[in-house]
C-alpha cells in the first residue's frame, strides 16, 4: 500500500546523501566543540524533531493539532518505563535504549491514531480545541502519575552505555544527530510517497481526496500516526539527554508555543524545522546573555506568530517561492497551452458500443422540503460522450454529487457495468471505476504535476503514459509545481489525471470554465478522442453549448431537477421546450 | 448624473475577467446586462460595489470617483448591490432585515409598499419564507436604503418564472422613483422589456451596447450573444 | 459528602460557563475561537492587583481600570484580526489568538514578576448551608448569577436592540452586511471589547478563589472551550449548561481519590463523543 517514490526520480539518493553529510558534520562538531557547550545543540535537535512531527500533521495535512508535546511526553514515559524496569537489558545490551525508543515511537503512534480519531469528523478550530483539551488532560494526568524514573528516584541509563559525564554528552550529541538525520530522511521520503500526497491533498480538499480514490480516514490517521511516532522519538531522545523527565517540560502551553513556532517557520520543510529548533534555543540563550528576562523570547514568538498567522505566510514557503519565481519561467515551457498547441487530427463524434455502462434509475435527492432531483433516469452508453445541460440550479452538480457517493441518502439506484454503487463511500466508488472532476479548483497546489498525476491515477498509468496524457492535453510537464500553474490549466490537469486513472466512466463538471474560446475548441478536439484513445466513457456537464455540440454523442437536458429531454443532438436541440428552459424564455413563445 | 464604468479591467487569478468595459447607468432607467454564463456579468457588478477590486480604469458615481472607496462608503454614497442567491439574513425577521437599512418609518413604509404581502409576515424569520418572498425582502431592503443606483444580480436564480414575474413590475417601479437600475438576468426577454439600454457581454468584453428594443426586435442578435 | 463536592465544583463550573458563553458569542459574531479570551482578563486582573497593592488605590478603582485594560487588549487583538484577516477562515483567525495568548502570558511574567500574589477579594464567605451540610459560598452564587445574566443579557441584547440586529446580520453574511453599509469592523471590534471586559470582571470575581498563576488562570479557556463545544459554538444556553455540568462532574469525581485521573478526562471524552454524534451524517466537508 505504501510505495515510496521520489518526485524527481533521478535524484532519489539526494536525501540520503544530505543526511550522510549532516551526520558527518555533526561528528565534526562533536569533536571540535567542548562537551559542556553541546547541551544546547542537542536541545536544538530534539526541538527540530518535534517540529518535524508537527510539520506532518499541521503543515502538510493542514490539521491544527495542539498536543505535540503530549506525544513527546508519552515517548519519554515509555522509554523510562522500559529503562527503569530494565526489561530487555540483557537481550539487547547497549542497544536496548534504541529498541525502547522505537517501541516508544510505535506506542506513541498508536496513541496518535486514537487522538486523531476525532479528526475524522471534526476539523479546523473544533479539532484545535479538542487536541488542546487532550493536551491539558494529559498534563494533569502526568502531574499526578509523574514519570517512572522520577517515581523510582533513579536516572535512566543512557544509550550505548554512555556515561553522564562530558564524554557521554558528546556521545549523546552524536546520537541526536544520527536520530535527527534518520527522522528527516524518513519524513522526506514519506512526504514524496502516496501517503505524503494524500496528506497534502486532504489539507486542500477532503472531497477531492475521496474522489481521487483515497480514503480520507487513512490519510488523516496516518498523518497523526507519523506525527505522533516522530513526537515519541523526540521524547525518547530528550530523555537520553536529561535521563529523568518532568511533566513541566511538556505543558500544553509549550505545545501551543511549538505550534506557533511551526507556523512561523513552516516546519513541514525539514530545513525550516531545523531553523525552528535553532530559534527555539538560540533566542532565549541570547536573551540570557543580554540579561533580559527569558519571557521576552515568548513575547517575540508571540509577535512573530501573530505576524505569520495574519499574513498566512511562513518563512520556509516564502524563501522557496522567492527562488521558484526566478526559476518559474524556465520551468514552464512557453509553448504550453491548449490554444497554441499543435492541432489534433479531427476525429468524429464517438459512437458507442450499444452497451449501457452507467445505469441511473429513479434518482431522487431531497434537501429538507426541497426536491433537488426528481426521479432522474439516465443511461450512459459505453464509448460515448453524454452532454448534460440545463439552466443554473437545474440540479446538474447535485446529480454528480449523488452519483459519486456524497449524498448517500438519495433515492433510486445507480449501477456501473452491472455493479451497484449504492451505499458505497466516495473513495470506493472512485476506485470502482466512476470518477469525477470538480467545478471548483480541488487540485492541491502543494504537489507537483507528476505527484498529483500519480496520486490520482493510483498506479493505473505508467510514467510514460502519464507523460503522454499530459502532452495530449497540452499540460505542463511532471516536474512543474502546481502552485505555478493557473487555475484553468489546473482543471485540465485534473481531467488528465482522472483519465490516467482509467475509470470506466468519467464525470466532468464544467471542465472548460476558465478557458478561452480558442482553448474550448482545442479541448473539444481532444475530448472527442478520449473514449477511443483511452477507453473512458464520459458524462460532460457544460454551459458552453458550442463545446457540448462539438463532442456529444447524445444530450440530456435537466430542468428543475427533472429530465426534460434526452436523445440525439438534433432531436434535443430542436426541441422548443429545451430552448425555452435553457434561455429562460418562458414567456417568449 | 450617472453611474459610470470607464474602461474598467478586472483580473482574477491569471487573466482578466472583464476587459476595458465602459458603461453608464442613468437615474430613473433600467439598464440590462445579458450574456452567457461565465461572461463576467457578476464580476462586473462586484467591481462596481467593491466586492472585488479593479485593475485599471475608474468608477464614477455622480461625478465622484468611488473606485478606491470601501464597500461601506460606496453604500453610503448611494449604491445598493443585491448579490446572487437570495442574500437574506436568515436569523433575522423580515422586519429586522428591513430595519437594517430603513432609517425612518417612511423608509420602511416605502419599502413595504413595494410588496404589501410582506406586511403580514413582518415577524417571521426570513429563513422560513419561500424563495420568492425572500427575494422580495432583499429587494425591499435594498430600496429602503434609498439608493441612487441599484445593482441586481440574477434575482430569478432558483425561482419559478411565475414568481419572478411578480418582481419585474416592482423593478420598473423602483426605477420610476428616480433610481438607476443595472439589471443582470438570465430571463433576458423579461429583463429587456423593462429596460431602456442594454449591453451584451461575452468573455469579459462588451459585444453589444445600445437600445434594449433593438435586441428584443432582433432575436438573432440575442441568440448570437448567448449561443455564440 | 458528594453534594458538597458537586457544589464545590459549581464555582469553577460557572466560570467555565461564562467563558463558554463568551467563546460562543465570539465564534458566532466574529468567526473566532478566542484562545486568549481568559488571558486578557488575567492581564486585567494583574493590572488591578498591581494598582491596589503597589499604588494603594481603592479596590474598585483598580478593578475598573483592570477591566478596561482587558477590554482594550481584547479590542486590539480583534482589530488586528478584523484588519488583516477580514475574509480569512475561522481557523486562520483563531490561530492568531493562540499567538496572542502566548504573548500575554509571557508579558505578564515580565511585568508582574514570578511570584503569585493573592488577588484582593471582592466577595467572600459562605452565603448559606444546604440541608445535608453542603456550604454554598457567596462567590459561587455571584458567579452563577453572573453566568446566567451574561447568557440571558446577551440573548436579549442580540434579539431586541438595533445594535444586536446588526451584529446578527454581520454574523449571518458579512459581505451582504458590508454592502448594506454596515461598519463590520467597528461591530466586530466592539464585540471583542465587550467580551474582554466581561472576562476581566470574571477574573476579578473568581481570581481570589482560584489558583491564580498566569498560566493556570489563562488555561481556564480550555474547559471553557469544552463548554462552548457542547453548544457547538452556536448555542449559549447549551454552553452555560455544559460549563456548569463539567464543573459539577469534576467536583463529583473529586470525592473519589482513586478516580482522580479519570476526572481530568471525563469532560473531553464526553465532548468528543457528543460532537461525533452530532456530525454523524456528514460526508466530508462540503465547502472544500
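Chains: A, B and C, in written order; residue numbering restarts at 1 for each.
To be clear about the criterion, a contact is a pair of C-beta atoms (placed from the backbone, for glycine too) under 8 Å apart; a residue touches a chain by one contact, two chains touch by 3 or more.
Bear in mind that the values here come from a model prediction, so they are computed numbers and not experimental data.
Peer 1: Central chain, going by Cα centroids?
Peer 2: Going by the distance between chain centres and the overall C-alpha centre, it is A.
Peer 1: Return the chain pair with more inter-chain C-beta contacts, choosing between B-C and A-C.
Peer 2: A-C
Peer 1: Round to the nearest whole Å and give the separation of the Cα centres of chain A and chain B.
Peer 2: Spacing between the chain centres: roughly 41 Å.
Peer 1: Using Cα averages as centroids, what's the distance between chain B and chain C in whole Å?
Peer 2: The computed centroid separation for chain B versus chain C comes out at 43 Å.
Peer 1: How many angstrom lie between the centres of chain A and chain C, each centre taken as the mean Cα position?
Peer 2: That pair's centroid distance is 34 Å.
Peer 1: Would you pick out the residues of chain C that each touch at least 2 other chains?
Peer 2: In chain C, no residue touches at least two other chains, as defined above.
Peer 1: What are the residues of chain B that contact at least two other chains?
Peer 2: none
Peer 1: For chain C, which residues are in contact with chain A within the complex?
Peer 2: Chain C residues touching chain A: 27, 33, 35, 80-81, 84-85, 88-92, 94-96, 98-107, 109-110, 215, 219, 222-223, 225-226, 228-229, 233, 260-261, 264-265, 267-268, 271-272, 275-276, 279-286, 288.
Peer 1: Over in the complex, which chain B residues touch chain C? Could you list them?
Peer 2: Result: residues 49, 51, 70-72, 75-76, 80-81, 83, 87, 89-92, 96-97, 99-101, 141-142, 145 of chain B touch chain C.
Peer 1: Taking the touch rule as given, give the residues of chain A at its contact with chain C in the complex, in rising order.
Peer 2: Listed in rising order, the residues are 64, 66, 118, 121-126, 128-130, 132-134, 136-137, 140-141, 144-145, 204-208, 210, 216, 251-253, 256-257, 259-260, 263, 293, 295-299, 301-306, 309-312, 405-409, 425-426, 442.
Peer 1: In their complex, what parts of chain A are in touch with chain B?
Peer 2: Contact set of chain A toward chain B: 391-393, 486-488, 513-514, 516-517, 543-546, 560, 583-588.
Peer 1: If we count contacts the way the header does, which residues on chain B are in touch with chain A in the complex?
Peer 2: 13-15, 36-38, 154, 156-158, 160-161, 165, 186-190, 203, 226-228
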